[in-house]
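Pasting the structures in now, so scroll down.
In what comes next, chain A is part of two complexes: it sits with chain B in the first one and with chain C in the second one.
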Partner chain A sequence: MGSRSRLRFILRRLLHTGVTVWLVASIVFLMFRLIPGDPAAMLVDATFPSSLRLEILQRFGLDQPLHVQYVAYLANLARGDLGWSFFYNRPVTDIIGGALVNTLVLALSSFLVAYGLGIAGGVVLAWKRKTRIDTYGTLLALVFRASPAFWTGMLALMLFSYRLDWLPHAGLRTPGYAAAGLLGKYLSYDFLVHLTLPTLVMGLYYVGYPMLLVRNTMLEVFGEEFIEFARARGLSEWRVMFVHALRNALLPVVTAATVFLGLALGGQIVVEYTFSWPGLGREIVLATQHRDYPVAQAMFLVLAAGISLMNLLADLLYPYLDPRVRAHA
Partner chain B sequence: MTPPSLELTSPPPAARRRPRLADGLRAVIRDRATAVGAVILTVFVLIALLAPHLATHDPWALNRGPDGAIAVLEPPSARHWLGTTNLGRDVFSQVVIGSRAAILVGFLAAFMNTLVGTNVALLAGYYGGWFDELVMRLVDLIYAVPFVPFAIILVSLIGPSLWTVIIAIVLLFWRSPARVIRAQILSLRERPYVRAARVAGASPLRIIYAHIAPNVLPLSALYMTISVGWAIVTESSVSFLGLGDPQVISWGGMLHLAFTTGAVQYAWWWVLPPGLCIVLLVVSSYLVGRSIEEFANPRLRDLV
Partner chain C sequence: MRTTLSQHTRILTAALAALLLIGPAAGPAGGAPGGEAVRIVMPTASVTFDPRRWEASLIVANAWKSLGIDVEVVPFPDFPSLAARTGRQPFNYDAFVSTFVGRPERLDPDALMHAPLHSAGIGDGGSNAFGYASPAYDRLADAQRRELDARKRRAIVFQMQELLAKDAPFITLYHNQNVVPYNKERFTAMVPMIGRGLWNFWTLVRARPAGRERTFRLGWADDIDTTNPLANSTAVESMRLVYDFLARIDPDGQAVPWAAESWKKVTSTSVDVTLRQGLTFHDGRPVTVDDVVFSFEFAKRFGTAPYYRSALEPVKSVRRVNDRTVRILLERPFPPLFMITFPQVPILPRHIWENVAQREGVESPARWSNPAPVGSGPFRFVHWRRGEELMLRRFERHFNAPQAESFLAIHYANTEAVFQALVKGDVDIPDEGITPLQVGQARRVPHLGLATIDDFSVYYLGFNLRRPPFRDAAFRSAVKHTIDYKTIVEAALGGLGVPGTGMMAPVNKFWHNPAWAQWLNTDYKFDLAEARRMLQGAGYSWDAQGRLHYP
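Coming up: the complex of A and B.
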């Protein structure tokens, strides 16, 4: 594929992603306004006097017809203005920054656990195929995938936080802990201790997929000639497995990994709630409890944009990872 | 005991000819893991059907101990097999009744979402053109929607009920069967027997439902089984986040109460049983799904 057609491919995918985000934004707009009942009731406390109610409606443009609201909404989005939080009484953008960082930190650390353990475990399962290790290892991977993360999170809290008192049970930091600079904020011992349990719970929840994926792709690679050849050269089985077979089985894993990061953004909502981790997901839950719809709407949109970006990344990476795709595109 | 077989890759020898129901049944009986999964699923369905007779107490009743005080957070005993909650409710009876919500949402949502996904795929794949393009763009769009956040926002807007959760699941989950089955249909519609039917003057709908659809039924069955597990986890997640129907006892709702009342600190008898039931149900739906996967035998990986 020439550099011009590659550029065209990238531009087309960028356009697709932009359209997707616009459509999600429109769906969110409609969802919050076309629901049964008075949409204003969602935004204004019913006990407010009618003059105050009208003032609030005017302030947020809710007395305007729907299409005017929609245009204003899109214009504000384009300017990066996500609205005003009723509960915090601050611009929504102020709340998003910190929550987004916290969500990404947790997603990345659990990604490392899931894919580190998953890839190594998958190689072992394929290596020991048709033995008890393979059978029970596969069953274990299935059980991890089937266990809701909030439940394993509760069990982990019960055991490690409340009974053994090894790890903290909630939040990012010990209350009163003053972080010194950005480094102290996210690399301090205190923060890492708080990160441990949610990371392990999330990581184990997602470990099954890469594990089974690596195992099955490796089993397919085993039939190839270069594996026979590596063995014939007298390389150790360890080397054949982890260097020759694994390297050729990694492609689907990389694609799955980008998709994983997108999924994890939305999926870790229950883990964030269980461990009171102040990320995007927990903010959405709190916002629905407070009826703080501008926040719920904005957080949802940020998550959807994140997932679209990850899907875009998967599409753009693929031709670079697999020359066969590049040749066909 | 020989370990149950969980082989994923080797295709069954029967895959070469057109699979028949008898082959499927034979595979089910031969494969131990499938049998275990099918038995667990059946047991849970029976429990859900017979729940009022199996429950030892009224699940809503505030039970009192021999001394007349409400039996708050009692560990398991002969009177309360799985102990009591913070309000003295019987955990065993709640778990038994809670199976109804799980089975109802799991099976109904899975059935509806497979029905929608399969039909959309049949029409889009067969007709192609702008309709196909539209459907595929819609599928792409839905893949960008974060699932649990979507479900809880929908529930908080429309109001908590099992039906809202089912609607949320169907609205988003039909994308997976739709995408994979459509790809299958693109190849099926060019097969000689489909062309022959077209030349013979069969109407498009007849070709779609009489000639093409039977070939994708195993795939649909696979998606349906796997969706049962997904739907149950989704329903319990929504309930756990406190957005479940307060009038309905569900496993996720039980865990929500155990969590928010602080009983999670020590009341293992309240936390373990509902979660174990979810895990058992979901694992058994995977086990059954995998044997259907061997039966249907397409190269399926992306079961998210």
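Coming up: the complex of A and C.
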């Protein structure tokens, strides 16, 4: 693939991403206005005179016709202005910023657990195929995959937090902690202790997918001639598995991993709720309850943009990882 | 001949009368019913939104079904969606179950008895979801607003309650009791406050450390919205610790002078307030009468929080009289001035707020984030980490400095996590009462005590008087006998509550009309047979399947 055609490919994919984000923006705009109830209901009930409700809707610009609101929303979005939160009375970017960091930290740590354990486990399962290790390992991965994260989360809380009191049950840090720099806040021992349970619960929930993916792709690769050749060269089985077979079985895992990272931004709603983790997922729930349209819209946009970007990244990485893709293009 | 005719007439009349009387009663056996079948659409809170209200709604719906009424119960997942259905065009509901949460400001009858029931609020999106239009009631509701003599005003409010009990635009199902657990080993002398439970101003200034722990901890499931007192709603109670007010509502629900040393009514529309001496803002500057004048005018002009409307709308102006006194001039006599206005308008430091919009580059003062609030209240602001915690510290120079050294409010994602934090000893009180299920669990935890607090929240069954069947006063009178209060309190509330008595709960002693005890045994007595008789008397009838029909 020449550099010009690659540039064209990238541009085309960027255009696709742009269209996707616009579609999502439009859908969430409509979706939140279709849910019955408006943000004024959170602030005024029947003990206030009726005029007050209209005044509040006016202040939020919700008295305008829908198409006027939509055009204003898109125009602001194009300028990078996500709007003003009705509930928190501050710019939406302020609210998303902090939540996004918390969510990313949890997503990355559970990614490491899921894909570290998953890939290593997949190799072992393929290596020991048709033994008890394979049978029970596969079963275990499927059990974690099949149990809802809130349920395993609650069990983990009951055991490790309420009963044994080894780990905290909620939040990012011990309440009342001394303020430190941004880096210090996320690199402290206290934070790691709080991160452990949600990471494990989420990591174990997702571990099955890469594990089985690696196992099955490895089994396909085993039939290839270069594996025979590697063995014939007298390489250790360990080296054959992790260096020769695994490297060639990683391609689908890369796709899965990028999509996972995109989805993990929003897929943690349940875990964040169970562990009182102040991230994007929990903020989406709150914003929906409060009918805080600007925050809810922005959250969904961030998720959509995350997933689109990660897909784009997967597409761009492919040619580097697999020369065959380069050749076919 | 004449006799025969009169005899015939008499027989005919008797037969006709018998037909009229017996006809409806014979309905189920096959008599021809009059109008259409009675059908009721009833929006209410879903079981996840509020399990107690959902249970109570089902108990009412079942009683109605046993009378042959076709009831459709429509659950709503949250308040905005329920509110969007009731009181809005096309007014497509017959009965609905909703709540007025008891807040101390609502102890004054004006909040619950004026806007929600005055005919001025009947329109689309208006405050009067019932469509109740009674000129007699409107007159009384307006009159109590002007009456300055508390006893005379109470007499009017009693009349209003009597009228409502008779007209029944709504029936209050219950007033609940809250069970609030607290950590009895770390702090003592917590103060239960009417309408608020333990999470209130008085607990925070009076609670005494029992051991070494000097930080009082609250666990809550609802984060504060903003620290700007001009715009906040969920942060109100926390900011009440940081800012001071002319008056505060005491644990029994009475307004007591606070930053004001005293007040004096000059005329029916002017009040002189004397400021307490020696008050200081947290930045060291003194609180002056100029700050008070400024705060009232500033809040009236820029306050966007809804409660400023009811608090400041009747205030015409505030003037400085001398170094210690301000005069408040009212548009009209306004009896709840001390209950609604004084405890809700914070005293703001003029030197910080005066030019805030220009200084901070915001559109209006209500939009400033106010990252480090400076007030003159008993607690100083330390930090707020959104989604995590709010930290305040004792302000030593306050005239009523708290016993605890600090206050830490910790945010959890849900009420179960708050409860577990109590069990673990991570927090000292929750922000709200716990469920009957949790009560059993809390009893087994040695460090937890349980406080039972009467609430004056109003859980009511509202009727849509704009259309049948509830447009018909006779139908409503019959429905008064269909509320099984005993089962509602026992089954839906686990015994934690009392039968509903209109807008004024029994615990609101001064305003509650004691005649309710009698009405609950007469007009509102649970008696389905009586309800049936009354419906019959009003011309309703039943078809062969036992369905109730309009006359």
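By our rule, the second predicted complex is superposed on the first by the 309 of 329 C-alpha atoms of A that agree within 3 Å, B and C clash if a C-alpha of one lies under 4 Å from a C-alpha of the other, contacts with A are read in each partner's own complex, and residues count from 1 in each chain.
In this section, a contact is a pair of C-beta atoms (placed from the backbone, for glycine too) under 8 Å apart; a residue touches a chain by one contact, two chains touch by 3 or more.
Owing to the predicted nature of the structure, the values given are computational and were not obtained by experimental measurement.
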| item | value |
| --- | --- |
| Partner chain in contact with A:Q289 - chain B first, chain C second, else both or neither | both |
| Partner chain in contact with A:M31 - chain B first, chain C second, else both or neither | first |
| Which superposed partner A:T20 touches (first chain B, second chain C, both, neither) | first |
| Touched partner set for A:S3, first chain B, second chain C, both or neither | neither |
| Touched partner set for A:R53, first chain B, second chain C, both or neither | second |
| First, second, both or neither for A:T135, with chain B first and chain C second | first |
| First (chain B), second (chain C), both or neither touched by A:R90 | second |
| Touching partner for A:Y273 - first (chain B), second (chain C), both, neither | both |
| Doubly contacted residues of chain A, that is, touched by chain B and again by chain C | 35-36, 42, 157, 162, 273-274, 289, 291 |
| Parts of chain A lying in touch with chain C, wherever the complex brings them together | 35-39, 41-50, 52-54, 56, 59, 84, 87-90, 94-95, 98-99, 102, 157, 161-162, 165, 169-173, 175-176, 179, 272-278, 282-283, 286, 289, 291 |
| Residues on chain C engaged by chain A in the complex (per definition of touch) | 76, 78-85, 87, 100, 106, 111-112, 115-116, 120-121, 123, 125-129, 215, 217, 223, 225-226, 228, 231-233, 304-306, 309-310, 366-367, 369, 383, 386-389, 391, 406, 408, 410-414, 417, 420-421, 423-424, 426 |
| Residues on chain A engaged by chain B in the complex (per definition of touch) | 16, 20-21, 23-24, 27, 31-32, 35-36, 42, 130, 132, 134-136, 138-139, 142-143, 145-148, 150-152, 154-155, 157-158, 162-163, 209, 212-213, 215-216, 219-220, 252, 259, 263, 265-267, 269-270, 273-274, 281, 284-285, 288-289, 291, 296, 299-300, 303-304, 307-308, 311 |
| Complex contacts: residues of chain B adjacent to chain A | 3-9, 140-141, 143-150, 152-154, 156-158, 229, 233, 236-237, 240-243, 252, 255, 258-259, 264-266, 268, 271-272, 274-275, 278-279, 282-283, 286-287, 301, 304 |
